[in-house]
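Before anything else, here is the set of structures, which you'll find just below.
In the two complexes below, subunit A is the common chain; its partner is subunit B in one and subunit C in the other.
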Partner chain A sequence: MKYAALKYATAFAVGTVMAVGMSATPTKAASDEKPKMGGVLNFVVGSKIPSYDGHVETTFGMVHPIRPFYSLLIRVNPNNPSSPTDFVCDVCEGDVPAGADGGKTFTFKIRKDIKFHDGTPLSAKDVVATFKKIIFPPEGVASSRKAFFKMVESVEATDDYTVEFKLKFASGAFIPAVATPFNFIYSKKDLDEKGYTWHRKNINGTGPFRFVQHQPGSFVEGKKYENYHFKGQPYLDGFKAISAPKMALRLQAIRGDRAAIEFRGFPPKARDDLVKALGDKVTVQESDWNCVLMVTPNQKKKPFDDVRVRKALTLAVDRWGGSKYLSKIAIVKTVGGVVFPQHPLAANKDELVKLAGYGTDIKASRAEARRLLKEAGQEGMSFTLNNRGVDQPYKVVGTWLIDQWKKVGMNVTQQVNPSPVFYDILRKKKNFDVSIDFNCQSVINPIADVTKFLGSAGNNYGQYDDPVLEGIYDKLSRAESVEEQRKYMREYETRALSDQAHLGVTLWWYKINPHRSYVKGWKIAPSHYLNQSLDNIWLDK
Partner chain B sequence: MAVTTEAELEELATKASWYDKLKVFMRQQPLGAIGGGIVLLMVLMALFADFLAPYDPELNAFEFMLVAPSWEFILGTDQFGRDLLSRIVYGARTALFVGFTSAFIGSFIGLVLGVGSAYFGGKIDLIFQRVMDIFMAFPLIIMALAVVAIFGTGIQNVIIAITIPFIPRCARVVRSTALSIREIPYIDAARALGYSHIRIILRHMVPNVMAPFLIMITAFVGQAILLEASLSYLGLGVQEPTPAWGLMLQGGAEEYAESAPWVAVWPGVAISLAVFGFNLFGDAIRDVLDPRLRSQ
Partner chain C sequence: MFQYIFKRLLLMIPTLIGAAILIFFVLRLIPGDVCELRLAGSGLYADPEQIKLCRDNLGLNDPILVQFWDFIFGFLTFDMGESMWTGRAITYEIGLRFQLSLQVAVMATLVAIFIAIPLGTISAVKQNTWIDYFVRAFSIAGIAMPSFWLGIIIILGLLISTQAMFGEPWMPPIQYVSPFEDLWANLSQLIWPAVATGYRYSAVATRMTRSALLEVLREDYIRTARAKGLVEKLIINRHALKNSLLPVVTVIGIEFAFLMGGLVVTEQVFNLNGLGKLFVESVLNQDFTLTQALVMVVVTVFVFTNFLVDICYAWLDPRIRYA
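Now for the complex of A and B:
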């Protein structure tokens, strides 16, 4: 058992890389072209910045403009961001450590040549203070990713440049959790002297760019940090993140060359329009996206406490047909279960079609849905769908779902709300019938990502308690081989999506990033949160 | 039957059939007649949408997504494969329902408040008018946006949002007419006979402010249709899949303006025609009902 976790990690990594069909490449060896120095990258951002604190925030509206000011302990390989297992050191040196002590101890050596933008040298104490804030925040201090580190027992600096994480149990979810792009490294001095909320409105990192200014609602500006620890980088002189909430505006900004790129993603039609208008002046990168919209019935409300009604909801939806057509008008495409479709732990098609609502014979599925509704005394039932006031893909998917449900006799009214109201209904009022919800993650980490389906999860709004599902998850989180993990993942998936139909997965998102062809060095990742340090981007002008 | 003078017109009003009246109206107010025709067409579309629409306006038919206008789909289809003609026809129902409901409720409340304010006068009138000033300080769309932000989206809330800004506008206009009526001796006579305030207001004052009131209603319907479309376009009005013209513009205008312009053009045309029709019709009614304009 001593090296079980190590063996598992190795097997897992190798298996994953083979399955994804990509090879991990070293940080600096990605491009044949020699990067050109200089220039300012203008990019557009479609969401606002709630605060600058990465440990608290969850939106790309913060990550895209603020991440370039900070470093992480480790990060996804910027030259191979599609791989779910290819991580490289950022402020640490050498390779990402493999777990010792049966996968329960991880020791990171910290680089000695790093300084914060205010001139303070970075040491292991800064890394420890950062992760203690994230993993063990004092009472009253918010930390959005505390739950990712349930396996961590302690984090300590054994000397000025060594950080040691001790885990309660070996877990394949640890390294991906550390690489989460929100884990900005803060200065211990700032935390001690200015407090735990200082970073919400102030910036002092070790990232490739220094903060210049933020004009709220307009732009964030950064300039090259000359002492950046990856020598020769960044290639850009600076960047400007321009706020543009309307998609049409973002699209026109790229078309008119007021901006070179938008990192979140455009729908297929926008891509086609840009390509048609700009020809080879635009380059398109596409990828499956670690993001999915789900249908959450409120099990505290009748008739959604009845599993037959919940099953009918999922059986009515033609996912395979939806994939074919919705992918032409929305940023969704891939049919999948609870796990990111390209991952080895994800269900293949043979496994998927066994789940309720994934059958290829939609007529049979809908006949079964009608039978279940009749049996439950809910023929012609009416309810309201709570949806978020965001066009892509929320409103498009919501409209499609209503049409799908209408085909089994359900009458559904859509209530579209602005994001704050939408969240208020999910988290506080909890008075919805059925709601759209999402599971968007950064680093692909299925064992952590699927906690969303647990009734006990903080971000699950279905209001149910399922001890059987919790038990399966417990086994899954402690499984040591990929085969064992797959076995428990299928049990978990069948229970959550089919037998109990707690939540209904719709279609996985599909990321389309058309950008000006002179933008080089940036590679699309399966998440709009990843690969946003901008240190490898250069402009071929 | 040729009618040329005011006297003949009044005689006609008492003797002629509705058909004759219509002919006179059409000859004297050709633009108003066109407007009335558009309004009538909208009303018919709304009433008989179930028979006129060739397809279910909410049915997704992805195999026909973004089909250009053709014999099968006269106005084409949108990104969900829904027939645009059917959605325009059913959209008239939404537009008229919101338009008429908001205009009538807002105008009626404004009528009561305006006449009441003028009748009682003094401090009541002073306080009431200052409250109206506050409401009227906000542009129509801003006030409607604020109301939707408070109450949320949905057709009922849209009606509330549009109704509220109409109240002070109607009240102010009606009050100005009612103020002059209050000074006419028959109101004093009614008071002297001991009639109640309610009776004096409803029986003796309200009928005499009906001309400006009716003109306001027609103007309000057009404005309400435009407001509903604006709110829906901003994503704050009625919601998908309900057929509504503003919502159709929002769904299609931005993404498909170049490749499938019909998605944006037809609802835009429908909104423009509806507002145009109500404005022309309202102007014509004003011309007919206003004695000063009538004598010209």
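Now for the complex of A and C:
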């Protein structure tokens, strides 16, 4: 018995050290290995496919099984996906173009050796038709990322293999928007002949895999596309994306080798369980995650129209302590401001600690919170926190926040609602006191992502109007150099989080991907939407 | 008998219409919106214009009476339309899962019958012996243990025991294969949920068989049969068991109908792509059209199963059909 316990403890320790070691230095040895051809990758997906149309859908439940059938114009570098600024060509050739004409013209040269799965050659016309559908959809045609391209004036093919985007103004948000993994390149012929809704139920792309079958609610199957434009790839013969809504089952599926990987992420406890059970048969990759939960006070409701009360809400929260302890049980970890923490535009620690609620002396912060509440006549105030009925990390973070607020004398009741009710309260009824809200994006595009903090944004539920903040954002969106963008971003952040405390950022999510060690070539990205073409994955079996 | 069946068939119509009206209006009272969930549910930016467009396309901005008429007309013409979430035909979505749910329900029912009838009979015949006590404890355990919990224990047990024995953990397949395609793969997936569900199901039926049989065994005609010198086996099998089966058939019928749409958690535990899982997804997605259709399928299964149970009653006890 003692021997068995010792054996498990040793396996756990060795596994953890190995796993963490591998994740910290993402597998130099592995990248030097010669990929083996063949095999079928089984992976589990915890969400469902509404339709196959990337231009309409927003869920990773569609991206994970369908993205491998399509190509993009440019993409996040699959060999360096952790970098938020490293983009490479997919159907274009050469380097990703730098903007000409003061950053207002982008010219992409299209590869000449690409064919759709039905045999139609790809040309600039297909790329143009795709982006016109996304940016300027005809009336009645849905496009979920139309707003990402507000800076685009036109997109045209100047010849059969050249695409030119003209912008109304130079914007650092353009290239990340083009690299969004939902921007599947469709064939112009399909759009013209079969209509704009054909791609909801049909697939014809130029990606590394061809569509074989989809059993709704069960699995999607793809097989290798022999004419894929990156020669020698993909390494796999095929893949099967198995639908498995329950996290416990996804975990057991990896343990029982029914699936080799799950691309979204598991909580720390699940990682530890897998490592304990499988030892060196499992590898763990970890990364900061471009998702964050926020606290949104409803400024149409008293006393949250009072900036002192909103400041007290953020001052009471010990983010640095939470990062240390909460990260052991939930998929949150990194302290950050409005920008994804690893991005050049993000605040560093020296800048962060100047914001309300980010100081390292929590006693002083809470004393200030109590003072503000007293001044506002709200000592011992009570309110209800609207939260979403999802364990990770909503309920965990909600419970933690209530404990934090209790320490400055607030009495908070948590109302956990199923997703439809949660959204109804947040977006339609708008009658909450304080709500959990979230921002979760694919490609890290800070200038676009931080619009969430504007009172005028469609996905901001705080019900406030702040012309000063809007003005700073206007300058930010037109700033050309990184230094200038950084300067305005700090102003914006200070106004949104500290001076006005419109929203409170909690902790940024932390992505943990334990997978079978025979899965090679895949590198974790800071978003579960990215690096999902599967063309660089191989199986070491 | 024919008149009896005809009357029972006629009674099904108002039940189905009542259920259709109820489900339509109750669903509309639930807060939430399929378009909000679909376009904003992942935390990505959702353009309000796109949400409005989505609602227009799904007919959610039409007056409620227009929506109701569309639903009733579709129901009467057996055209339930398309799922609001996937855009696929509802008949296709349901048909795909129906085979699996039916197979699990049939297998679980067989497991339950094979356990319940013999154990219930032995328990009654050997009343107050150690065998009776054992059977009662076994059946109470079955009632007390939720089938999904038993399912989790089965999966964990398989993972741990196979790893200990063979060095590599094994668990049942997590994707459905038709029995006509690969019977072995099909059974290796479905036998476990059938056992987990069938055990709980059998527990209720075992106790019902035991108590019904005990009651019948105290009847005068059983005493008469014994007095005539009939062998005990014949008394039990021919005279007592058949007459004690009426309540057991009711329980089996109701449970079978429940299994067709009610295996919500067990299907999640074993990752079965059945009607229960589809039900949960459609409710969570606020997919009105699919939820309505699923409720109608389950109501129809219940009504039809009750109809079959009524026929069984009439066969088991001819007095019923003449009443």
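Everything that follows uses one rule, which is that the second predicted complex is superposed on the first by the 511 of 541 C-alpha atoms of A that agree within 3 Å, B and C clash if a C-alpha of one lies under 4 Å from a C-alpha of the other, contacts with A are read in each partner's own complex, and residues count from 1 in each chain.
The definition used in the following text is that contacts are C-beta pairs under 8 Å (C-beta built on N, C-alpha and C of every residue); 3 or more make two chains touch, one makes a residue touch a chain.
Note that this is a predicted model, so its numbers are computed, not measured.
> Thinking of the overlay built on chain A, is A:Tyr325 touched by subunit B (first), by subunit C (second), by both, or by neither?
The first partner, subunit B, only.
> With the two structures laid over each other on chain A, which partner does A:Ser435 touch: subunit B (first), subunit C (second), both, or neither?
After superposition on chain A, A:Ser435 lies in contact with neither partner.
> Once the structures are superposed on A, label A:Ser365 by its partner contacts, choosing first (subunit B), second (subunit C), both or neither.
Once the two structures are laid over each other on A, A:Ser365 reaches no partner at all.
> What is the contact status of A:Gln485 with respect to subunit B (first) and subunit C (second): first, second, both, or neither?
Once the two structures are laid over each other on A, A:Gln485 reaches no partner at all.
> With both complexes superposed on chain A, which partner does A:Asp272 reach: first (subunit B), second (subunit C), both or neither?
first
> Looking at subunit A, which partner touches more of its residues: subunit C or subunit B?
The partner making contact with more of subunit A's residues is C.
> Applying the touch criterion given at the start, work out whether A:Gln414 contacts subunit B, subunit C, both or neither, answering first, second, both or neither.
first
> Which partner chains sit in contact with A:Gln500 here, subunit B, subunit C, both or neither? Use first/second/both/neither.
neither
> Does the superposition put A:Lys406 against subunit B (first), subunit C (second), both, or neither?
A:Lys406 contacts subunit B only, not subunit C.
> Tell me which partner A:Asn183 touches in the superposition: subunit B (first), subunit C (second), both or neither.
neither
> Using the superposition on A, tell me which residues of subunit A are in contact with subunit B and, in the other complex, with subunit C.
Residues 246, 248, 421, which sit in both footprints.
> Touching subunit C in the complex: which residues of subunit A?
Result: residues 44, 48-51, 57-60, 140, 142-144, 146-148, 200-201, 215-219, 240, 242-246, 248-249, 252-253, 255-259, 277-278, 291, 418-421, 423-425, 427-429, 438-442, 448, 451-452, 457-459 of subunit A touch subunit C.
> Which of the residues in subunit A end up touching subunit B in this complex?
246-248, 267, 269-270, 272-273, 321, 324-326, 328-329, 389, 395, 398-400, 402-403, 406, 413-417, 421
> Report the residues of subunit B in contact with subunit A in the complex, numbered from low to high.
Contact set of subunit B toward subunit A: 58-60, 62-63, 65, 79-80, 152-154, 235, 239-241, 254-256, 258-259.
> Which of the residues in subunit C come into contact with subunit A in the complex?
30-33, 36-48, 50, 53-54, 57, 85-88, 92-93, 96-97, 152, 155-156, 158-159, 163, 168-171, 173-176, 268-271, 273, 277-278, 281, 284-286
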